[in-house]
Amino acid sequence: MPFLEVAHLRKDFGGLVANAGVSFAIEEGEIIGLIGPNGAGKTTLFNCIVGYHSPDAGRVIFKGKEITGFKPFRTNREGIGRTFQIMKATTGMTVLENVMVGAFSGVDDRHTAKAQASEILDFLGLGNVSDYHINELPIAMQRKVGLARALATRPQLIMLDEVASGLNHTETDEVIRLLRKLNTEKQITIFLIEHIMEMVMSVSQRVIVLDGGRKIAEGLPADIVKNEEVIKAYLGEKYARSH
Amino acid sequence: MKDAFDFSDFSRAERIGLLIFSLFLIIFPWIGASSFLKAVMIQFLLFSLFGMGWNSIGGYGGQVELGQAQYVGIGAYTVALMMVWWKVPFWLSMPLGVLIAVGYSCIIGYPLFRLRGHYFAIATICTSLVLKDIFENWKLVGAAKGVELPIHEHPDFLYMQFKSDTYYFIVALFYVALFYMNRFRRSKLGYQLRMIKDDEEAAESLGIDLRWCKIKAYATAAAFVAVGGGFMAVYNLYVDPASVMDLDLSIKIALMAMLGGTASLWGPVIGAGFLVPLDRFLGSWLGGHKGFIGLDFMIYSLLIMAVSAYQPRGIWGIVQQFFRGRT
Amino acid sequence: MIIADTLLQGILMGLLFALVALGLTVIFGVMDIVNFAHGEFLMIGMYTVYWTSLLLGVDPLLVLPASAIVGVLLGLASYYWLIKYLLRGPAIAQLLGTFGLMLFLRYLVMFLFGIDYRIIQKGLLVGKSLAIGPFIFDWTKLAAAMLSLIAFAFVYYFLHKTKIGKGLRATAVNREAASYMGIRTDRMNALAWAIGGGTAGVAGGLLVNFYYAFPTVGLLFVMIAFACVALGGFGSIKGAFFAGLLVGVIEMLFPIFGSLIGSSFLGPHFKFTVVYLTYFIIVVFRPQGLFGWKH
Amino acid sequence: MKGKRLFLYLVVFLSVLMLTPMLFAAEKDIKIGVLYPLSGSLAGIGRDLQRAAELTVDIVNNKTPGVDIPMAQWGGIPSLGGAKIKLIFADHRGEPDRGADLAKRLILDDKVVGLMGAYNSAVTKTVSAVAERYGIPLINDSSTSPDLTNRGFKWFWRTTPHDDYFNKDLFELLKGLTEGKVKGVKAIPKNELKNLAYVCENTEWGSSVAKSIEGFAKEYGFATSKGMLYNANSPDLTSEAKALLAAKPDAMLFASYLSDSLLMIRTLKGMKAHTKFFWGQDAGFEMADFAKTLGTDIDGVLTRTVFIATLTKVKKVAGQVNGLYKQKYGDDLTGATARAVVGVQTWAYVLNKAASTDPKAIQKACNEINIPASDLVMPWAGVKFDATGQNILGRGLIGQYQKTKEGTIDLEIVYPFEFATANFIYPFPGWD
């Protein structure tokens, strides 16, 4: 029985098809990359799994339990965590407090929540910035805080939304190192959406490629790069961009 | 529990301030203040109570709520009616009023929190106006006539009737509220609310049930405000929709909290401490003079505008800015 | 019969409510601010027409432009002297600010003109009514309704056909994008306030032909306007229009209905209760209002 | 930046401004606290009440030639060595809790001897509760809710008749019409003037009027074919008017404040409403602005009141005081303002009788006071309180607005019949 199974998932917005019957499965402990050109329906797929959209058809099964159309806070309680590209921060909560909120999903007591939060921060090497406000931090740091926040809810599967976009090489490598560490040390299954192929190729054990709301390929990074359709999809996009 | 009395995370200045303020509250009746000043003081404490309640949903939760008056009304009417109908002592009817308010807030909170932002704000106004209209025409509860509480010849603790004002009682209520809020702001709910205010999407992804959280905060607010309402009933010995359920009251409550500074423990207190005396003094000073009609309100509103434009974070924001400027 | 009659009356009144709501919704659409002072703009519009027509001895309908101009100036003044500063703050500060503005204008007028009730005594249409078969219409209300229609048509045209209007809408839809497109959003805000003030002024000018001007009159209408705007969907012109009509009809039909079924409980004292309930119910099922397009 | 600083200065300046008041100089005068709605929606009437009260206090404090009331020659309270009365006005804005606080201020800080006010029945309730607690006499001049004197208070007296009196007057008039007692009208067959319809605003005052109309209608054998409560601050009364007309009543009875009474009449006129008898229960209908704004549209409209300018034709004192008031403020005295006059006058007489400022003595004086009719501007038989504190010698008037030859509008007395100053216009002319 697969860890996360997505079957014939379909979602369209007023006639505009975003996902047309996407199916795939993830095994426990894997690091899976989901790639595809802009408008391929990556984010929609993501949101359908996590519960921001409820799919028009198809099923999402997590650990053998159907979670199709669950609200985000319920999918989270089932054990799925996620991060966001941008962190909104207005009320000036500190990094620590942000992560504490995550921890609160498991505990009620402030002090235990605090302990757990700082533990996670240390694990991600953020211990020294725990009293800063999020908007005082560089983008790379913010992403990590987002990751920490999600981790604090103790997920078994974590879904990362373009975690590397806008980061330079060294930062990206750092993130990659972190993800591997998470995967090995905390046995967390990782499912990441990426636009940039390079990053995904290096970190993922398997890659799924979407284009126009369809799954066009799935397999080892090595095979994917050679895959005709994939190249066409990406080239096509580049081609379009250049003109 | 211990969090309630733990102010350690506040700056030294704030802690000293709180201490001085508390001392002042305790000795206040003995400094020979005029009884009008006493009355103003009671109003101030009452409205800080209201404000702190509003702060839980409006400040920490970031849901602009403009219908608190309906809970003042529920609290006040429960106390008044039970006293008139069945001679139920205040100490029984007041908690009951709180219960009713909380129940009611949950019931209407469920649909209300489908709404966001201004839709929510207007909807809260509507619900409280509807309740007011109902009470204004409901014969059983005295309709627009309202309810008069019997005056007791002799001081009567059971019914909270004393010749001299029940000053220390409202002080006590004030501290209960203050300590509760001090705990609240660092409780699980408190943190979750702040997260919701920051970013609802993210909050949801962290396993927070938005609606349920908001309802809990809303119920908290309702409870606080209902307590105040109960007090108003025994303090004025008269309850009528126009004075306990009016839109003005709702707006005043929100106004004070917002002006003082939302999502901070002191904000509502400062706001009330600023607006209540301003309102009462200006009113009694200019109100009686011909040719000055409206002048008091002009000053009042000028100050409101000035603060909101000068420092969006309210008076508390200004104070902090001031001290930052110093150190 | 009486139903049909009331229906027509309701539509007339509704058109006026819609006009009051129009400015509110434009301002909101562009900058997400609920303007509490809107009712006071209306009130000042009423006073403007009252005084000008009285002092110049001209027909109240002829001095409507005056109220429009005053309204526009008022809108601009409040934008440049207050709202601009508020924009830096959170929504709460903006609420606070416009609320302060409301109190200020209201009591400024009370301070200047006192609390007496003022209404246009003589005028082309004042106190005259038009009988079409069994239906009797108050001419002033008819005129008000017509002009309200015209105002809507004008604003709609302005927003959808003119360059500036399109800029305004672009700003409403997406502020950043608009500013990238070289639209000066600051100007657009000011424009929105000008429109808001102007329409409110005109509404007031029409209103004073059959309603009394006194400093606290604004509140009566602005509460309804809020309900209309929220009901129709914040920022939606179409929404404001139809919500206005709906409210007018409910407000008019409900008491008649009550008296027809001979129920004293469903009396006129509940007519606005019903309006608020309607808003509440509709919005619970359509959280963005009837025609709303942003949360 | 400059704006910012400006705002800051403004804040500071105004805050200081706000803290400067509350400095009261103590005098020998006898202080009476007067609570009226001097700002807010009722500020208009509050202003008039204040004027009337001040005028009267002048008459008491300074010898006033040309006013044939004994107190006009006192120049202060004789039995207290000519001490002057000083009125301290407080503005309760029509808010009961504010009223209560102000009452406390007046009693405990300003050390007033007694209180007067507070116009709004709701505010009078809380104010009288405070007065009762502190044992300070409160003479109420202008609140007409019948309940006020049914509460067994020992420190509350009311000079004005309350709504039950007035509504009774109305039905006496209706009865009179059917019996041909009314000046200038032949007896009207009862079945032609049978079904009544009332429209009352839905706050305390209006709803209690509605109740008592229902009661009297039964007692006098009339039918109420339609009864309606409405919200006085409604931006539009078309539907109310329609519902009223649908009932085709012989008589339309109203309890309305100013803005809504004006709007109601405008609306009815727009509908060319027809009825035989058009009566308003004071408040809006008798205010100066009412006639001023509506002009000849109200020819034939009736209003219950307690004072009418034309009373001056039949009552000398009334004419004299009214003269002073008119020359000072330009308006005639109205029911409301004349009540304020009597309120202050009663205080003067009570103090004089008590010959002391001790509450107990005043209480005694109030219970025993008996002001002769001849001293009053009112058409009353005098001022004399019963055990509940209600003045039993008070009575109402019913006036009818009538068009004069010059096209102006006058308020003529039509009830009580012996005071009638003009022929009754029947049926109500209506509008075309």
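As written, the chain order gives the labels A, B, C and D, with residue 1 at the start of each chain.
Throughout what follows, contacts are C-beta pairs under 8 Å (C-beta built on N, C-alpha and C of every residue); 3 or more make two chains touch, one makes a residue touch a chain.
Predicted model, so just to flag it, every value in this text is computed and none were measured.
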item: Remotest chain, subunit D as reference, centres from CA atoms; value: A
item: Inter-chain centre distance, subunit C versus subunit D - centres from mean C-alpha coordinates, in Å; value: 36
item: Whole-Å gap between the CA centroids of subunit B and subunit C; value: 32
item: Centre distance in Å when subunit A and subunit D are each reduced to the mean of their C-alpha atoms; value: 75
item: Touching two or more other chains - residues of subunit A; value: 90
item: Contacts with 2+ other chains: residues of subunit D; value: 3, 39, 43, 47, 202, 229, 231
item: Where subunit C touches two or more other chains, by residue; value: 85, 90, 110, 114-115, 267, 269, 272
item: Pairwise chain contacts, counting only pairs that touch as defined; value: A-B, B-C, B-D, C-D
item: Contact set on subunit C toward subunit B in their complex; value: 28, 32, 34, 82, 85-86, 88-97, 99-104, 106-111, 114-115, 215, 223, 226-227, 230, 234, 267, 269-270, 272-273, 276-277, 279-280, 283-284, 287-289, 292, 295
item: Of subunit A, residues touching subunit B in the complex; value: 50, 52, 71-73, 76-77, 81-82, 84, 87-91, 93, 97-98, 100-102, 104-105, 108, 110, 113, 146, 149-150, 152-153
item: Residues of subunit C that touch subunit D when the two form their complex; value: 2, 5-6, 9, 13, 85, 110, 114-117, 119, 121, 127, 129, 136, 138, 210-212, 214, 216, 219-221, 224, 251-256, 258-259, 264, 267-269, 271-272
item: Parts of subunit D lying in touch with subunit B, wherever the complex brings them together; value: 3-4, 7-8, 10-11, 14-15, 17-19, 21-22, 38-39, 43, 47, 50, 88-91, 93, 95-98, 100-102, 104-105, 107-109, 122, 125-126, 129, 132-134, 145, 147, 151, 202-204, 206-208, 229, 231
item: Subunit A contact footprint on subunit B (complex, rising order); value: 3, 62, 186-188, 191-192, 194-195, 197-199, 201-210, 263
